[in-house]
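I've put the structures underneath this note.
Common to both upcoming complexes is subunit A, partnered first by subunit B, then by subunit C.
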Partner chain A sequence: MSEALEAQQKTNPQGDPITSVAAPKSDGKKDPHADAKRQKIVTPEYMFHEAPRTKEFITGSEAAKEAIRRSNVDLAVAYPITPQSETMQLVGVLYGEGYVKEYYRGEEEVGVMAAIAGGSRSGVRCFTATAGPGTLRGMEGIASWPGHRLPAVAMFTCRVVNAPLAIQPDNIEVAYLLNCGMIVFHAENQQDMFDFIMAGFAISEKNDVTLPVGVCCDGFFVTHARGYVRMQDRGIKLPPREAWRGAVPVLDAENPPARLSRDAPVQKSNFMAYNIHAVWQQEVWAAVERSRKYISKYMGGMLTAENVEGADAVIIASGSACAQSREAVRLCKEKGLNVGLIKVRSLRPFPTQELRQLCGKVKLIVVPEFNYVGWLAKEVATAIYGYSKAKIIGGPRVYGGQSMPVELIVDEVESGLTGKKSTNVALSSIMGGAVNPDEVAHFMRSI
Partner chain B sequence: MAKRFNIRMAGVGGQGVVTGSHILSTAVINAGGESTIVPFYGSEKRMAPVESYVRVSDEPIYEIGEITFPHIIIIFHPQVITHGKSYTMPFYFGLKEDGIALINNDGPMKLHKDQARELEERRAKLYYFPATKLSLEVAGMDLATNMALMGCIGAITGLTNMAGLEQAVKDRFLGKGFVVSGGTAALDSVVERKFKKKQELIDKNVAVMRAGWNYAVDHGWASADVKRVEEPAAAASA
Partner chain C sequence: MPDPGQGLFYGLLEPNEEKVIEEMARKMLTSPNATIFPGPLLLWAWNDHAVEKAKATLEIAAQIPQVMIIPMPDYRPKYPKIDPEEVINPNHPNLTIWGNKIEACIFIGVHCHYANLTLKMIRAGTNCCTMAICAEQGHEDAMLTIRDSDTVKIKRVAQIFKKVREEMGIKLPDNGENVRFTGTQSKVHGGKTHTNPTTFAPSPGGTGSAAMFGHSPENMKREG
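On to the complex of A and B.
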C-alpha cells in the first residue's frame, strides 16, 4: 500500500500541489473514460430542481470541479497564475477522466481569455478560472466577450489586485467585472460555487442572453476551505451546448470568409461607428436585463431575504461578507437585536426592484464588504435612492484579504441603532438624507 | 445557546498544525457536530510560522476566514511565544474573555509581565500540556505532537469522541478525499518509511491521541460530560 502511495507522489511532473484526486491510472484494460461515457443527459430543470442530491464536505475548488463534471464542458483552458485556486488543476483531472473534451494550459491570461473567446465563438462550451492579478491581466479579453456575445463561464476567485501585494482574498476585482456587460454572480460558499457555475452555463447560452457569466467568490476562503455541498449524482450531466440556438451565428472556419468584426465602419470614428457601438452595447445590456427571468428560474432569484420584515436593522451583503453577516445576525440576536439579512447573489443584473421593495421601510442598512472602495454599498445606495429613507452604513470593510471579524459588523449595527459613533466607517461612506455627520462618525472625518 | 468554539492554532512548519486541524474538524463532524477549517501559512518550510483556524459547534457555521477573536488558542511550539513565530502577535491577541490557551510545553512558561497581566485581565485560562513529551513517550517520535493536542482539545470542547477522532485519523492516512500540500505529502512519506506499516502508524497516532484526551480529563480541563478513555497497552509499550 505504501508503495502505491509513493508512485502517486512521483506523478508530479509540473511541480503542482498533489491532491487526493489524481487522474485514474489506466492498467491498459479498463477505459479511463468509461464513467464519463456512461453519463446521462438530463434537462436543466431536472438537474437543478428535481435530481436527488447527496451532501459532501469538500473545498470550493472541488465543488467547482464537480460542477464542471456535470456541465458537459467541451473546452477548458488553464493558466496557473499565483495566486490561484486548485480548480483548473482539478478540471485537468476531469479531462483525464474524459468529462471535459479538450484541456490545455495557455501561455498566460491574455492567451487564455482569447482562447475562451475562440472556443465560444466556434460553438463549444468553455470554462476557465483565474484569480486576482490573472483576472486583471485577462481583462482586455474578458471585457470584449459580452460585446462579441460569447457564452462561457469564467470563475473568478478574487484575490488582492491593488498594492501592496498580497495573495489573500479581497474582492475589489469584482468592481472591474461589473462594468463589462457580463453577467456576474457572487458566491457565498462552496454550495453557491457548485450551483452558480452549473446554472451559469444554462443561463449563458439562452438565445435571448448569449453572454458570458462570471462566477466570483472570495478566493481562498471558499476555494481552499471546505464546506457542505449538496450535489446531484455524477452520472448525469447538462445537455450539450447547441450553438445554433445562440443570438449570433458561430464562426465557421471551414467556410471562409469568417469575420469577427461585423462591419468595417466600426473601426473608424464616424457616426456609423458611434451608432453601431451604441446599438451593440444597448443590446448587450438589454441581454443582461433579459437574464433576470432565467436567474429566477434556475437559481431561485437574484437575492435571498431573511427576517427583513419588522427588523431593527438589515445587513445587505454578497459573497463571504454574507457568511460573516449570518453570524453577526446570531450574535445580535443574543444581544436582543432583531436584524435581517439580504444576500445579493447576482450583481449583474442587479436586484434593483427587489431592494426597492424590501428596503422601503427599513431604518438602518449595514453593508459589510471585503474591499476598500465599497462597490456594493454604492450599488445599494444607487438602487434604493428615493425609495427608502434608511441610513446606509457603507461598512465595515476589510482590506488586503483580511477576514472580517464578525464582531465589527455587530459594532456597526449597534452604533447605527444607538447613535453611538461609528469606529470603523469613514464619514463619506455613511449615506442617507437625515444623517447628521456630528453624530455618526469620527473615523477619518476629514476625508 | 449554541455550543461554539472558535479555535486558533499556531505552530511551526512540520508539526502538522494543518493536519491536526483537519483531523479535529473531521472528528467533530464524525461525531455529529459542525466544523470548518481555514489553514494559513506562507512558504512551506520547516519551522516557519503556520496558523490554522478551526470552528467547531453543534449548530451550523457560516463564518469564514481567519479567526480574530478566538475562544481557544492552541500553541503547538513554545517558539511561537518565545521567538514570535506567529502571524498573530502577541500569541493571545484577540483571545475572548474567559478564553483558553492550550500551550505545548513541559511546564508553565515565564511570560513577559505585560503579557501575563493582559492574560489575567481577560481571565484567560492557561493550560500547559507536554504534547511533544507525550508523543515521544507513547509513540517514540515527536511527529505525533499534533495528535496529542487534538486528543486534548477534543476532550476540552466535548464536541467529539474517541471514535470520531480515530475515524478521522484513518481517513487521513488511508486517503479519503484529503487534500494535502506538496510539503505535507513529502513529510507523509518520511513518516511512512519510519513506520513501514500504515496500521502501525494509525495505532500509534491514536494511542497518543488517547493519552492527550486523558491528560485533559485528569487535569480537569475537559468538558463536563467527557470521561477518560482506554489506552491500549500494546501501543504504549512500543
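On to the complex of A and C.
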C-alpha cells in the first residue's frame, strides 16, 4: 500500500479525526438503499492490492462494519454478548442501508451458529460475531462447520470465558478454536480486523479451501479502541459468492445430490465404511493446508517479521500482544539489546515452515500472551522443535482482564539473555534446547 | 497441487498435462476392469454446460474397449446395502472397487470434497490406480490428475486417448459397442452385455442421466 494512494485524513473544526462510518443523513425521500445499490463489484485482487485507500480513525467494531460493507454479505445473524454487541449492531445498520441482504437476531449462540450453517449450506455469504461464553456456547455448531465444508466468516472478540463471570479481555477461547478445523486469524489492531475479515471471505470460498474462517481479536483493546484504518472506497465491494463452484453442492431440500432434510446424513454410520470419518478429517485439514497460498496472496503471508535477521532475541506474538511487543522491542533497543518481532497473523494454518526458517539461529524466544495457558508458546515450541536450539520463554502471560506492561516483556528478554532467573514466568513454562532439565524438575517438585 | 496447464503425475508435478493424459490413457487401456465414475455434475442436467460435458465424457468412454461406467449420482450413504455394480458412493467407494475388481478408474464431475474423500479411501484400501479429471484445481489424492477441465479439455482428453489407443494398436469393436455393462446395467437393458456409449448422449431434457445406467427414481425411493 503506497502512501501516494492514501488521501488526507479528515478532521472536524476542533481538529479531531472524523469518520465516514456513520450512516449518511437522510432527507426522508432518498432511497435508504441507494448507495448500496450503486456499489460496484471489483475483483479481490483489485480490492486488496490496487484500490486507493483513505485513512480513518475508527474502532475495531467500526472497522468490522466497514469490512462487511465492502464484502457483499448476504446473511448476518447476531446475538449480543460483550464486547461483540456493538459490532453486530453496526452490521445491523448496514442491513438498514441495504449493504447486507438479510439480518436478524438469533435465539442464542447455538441458534446463531446453526443459522450460519444453514445459510452457508444454501449457498449465501454469511457473517456472525461472538465472544467468550458465546463462542463456547456455539462451539458445537462452530466445530461442525469445517466438516460440513461451510464457508463463512465469524469474528471472535475474545474475552474471559471461565467462572467467575467477567467481561474482560483474555484470549483463552482461541485455544478452543484452534483444533476444530477452521482457519483462524488473530488481528492485532483495527486495520487487521478490517483486512482479515475481507480476505477471510475470499479465502473461505476458494474451492480447494471451502472452510469457515475465524477472525479473532482481543476484545475491548481492538473492538472499543480507535486506531487508524486505511480503507478502500465504500462504493466498491467483493464479487458475490459463487456457490456453484464450491467443494460441496449447495443444499437443496428436495433434490439430490444433497437432499439432506429427507435423507440419512453421514451419521448413519452403520451404512458407511469404517474409515469415512477418518478420511473426512484428513480432508478438512488438507483444506486448511491448501489455504496457505491464498493467505499469502490476499494477506501477504501468515506472519510478519521485523528486525529478526541477526537479532539476539525474538519476541513471537499474536493479537494485541504484538503491539506491546513492538514497544518492548523499542525499549530493548534503548538498552542496547538487538531484539526482533515476529507477528503471527494466521494461527490455522500455522506458519511452521516460516518459523523454522526464521528461528534457526535465534538464541532466545519470548512469547507474551493474553491468556493463562500459553497456547501460542506451545504452538511455537512444537513448530520449531528440532529446528532451533533457542530457549523459549512462554510468557509473560496476563489474563482475566489484566493489561500487559511492556516492562514485563523487556524483563524476560533481559533475563533470558543474561541467564538471570525470571521473576514473572514459571520455570515450567520455559522450554527449548538451552533449558536445564534438572532445574525444571526441581521447580516442579517444589511447587 | 498443479498450476494451470500442469498435472499431477504419481505425486509429482508434471509441467505438461498432456503427458499426464497420455498416462491416463495407457492405464485405462491396459488395466483390468477399467471404469469411469461420472459424478452429479455430469449426471444431472443442471444446465447445458453439464450436458455438453457429459457428452464429451462419453467420447472418452468410446475410446476404451471393455470400459465400465458406474455412476456416483449422489453422496448419500446407501442403505440397507450398496449394490457395487449399480453405483459408487463416497461413504464406501472401496466396496465398488473390490466388488468389480477395478484396477484403474477415472473420476469426473464429482464435487471436490467428495472426490477427495473417495480418492483417499480407495488409495488407502485398494490397489486401484486413481485418476481425476477435475473442473477446478485437481486432486492431490489422485495418482493422475488434470485441472480446469471444461468441455473443450474433456474433448481433447478423448482425442489423446484415441491417439494413444491407436499407437498401442488396440482396436475398438466394429459395432461400436465397447462399453461393458455391469450385471445390474445388463438386467436393465434386457441382458445386453455391451453398448455404444454415444447412444447414451444426454439431452437437456434429461433423457440420458443416472437413470440410463440403471439408477432409476424407483431405486432412489427404495434407498429411502
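Note that the second predicted complex is superposed on the first by the 383 of 447 C-alpha atoms of A that agree within 3 Å, B and C clash if a C-alpha of one lies under 4 Å from a C-alpha of the other, contacts with A are read in each partner's own complex, and residues count from 1 in each chain.
Everything that follows uses one rule, which is that contacts are C-beta pairs under 8 Å (C-beta built on N, C-alpha and C of every residue); 3 or more make two chains touch, one makes a residue touch a chain.
From a predicted model like this one, the values you see are computed outputs, not experimental measurements.
Contact with subunit B, but none with subunit C, is seen for A:Q324 once the two complexes are overlaid on the shared chain. In the superposed model, A:G310 lies in contact with neither subunit B nor subunit C. In the superposition on chain A, A:A247 makes contact with subunit C only, while subunit B stays out of contact range. One of subunit B and subunit C touches more residues of subunit A, and that partner is B. With both structures placed on the common chain, the touch criterion links A:E283 to subunit C but leaves subunit B unconnected. Once the two complexes are laid over each other on the shared chain, residue contacts for A:G419 go to neither subunit B nor subunit C. Of the two partner chains placed by the overlay, only subunit B lies in contact with A:E407; subunit C stays clear of it. Of the two partner chains, neither subunit B nor subunit C is touched by A:G336.
Interface residues of subunit C, counted against subunit A in their complex, comprise 1, 40, 44, 73-80, 90-95, 111-114, 116-117, 120-121, 124-125, 135-137, 140, 220, 224.
Residues 1-2, 25, 29, 36-39, 61-69, 175-182, 185-186, 188-189, 192-193, 196-198 of subunit B are the ones touching subunit A in the complex. For subunit A in complex with subunit B, the touching residues are 1-2, 5-6, 9, 12, 15-21, 56-59, 62, 86, 189, 218, 221-222, 224-227, 320, 322-324, 326-327, 330, 334, 402-407.
Contact residues on subunit A toward subunit C in their complex (touch as defined above): 149, 207-208, 210, 245-249, 256-259, 263-264, 266, 268, 270-273, 275-276, 279-280, 282-283, 286, 290.
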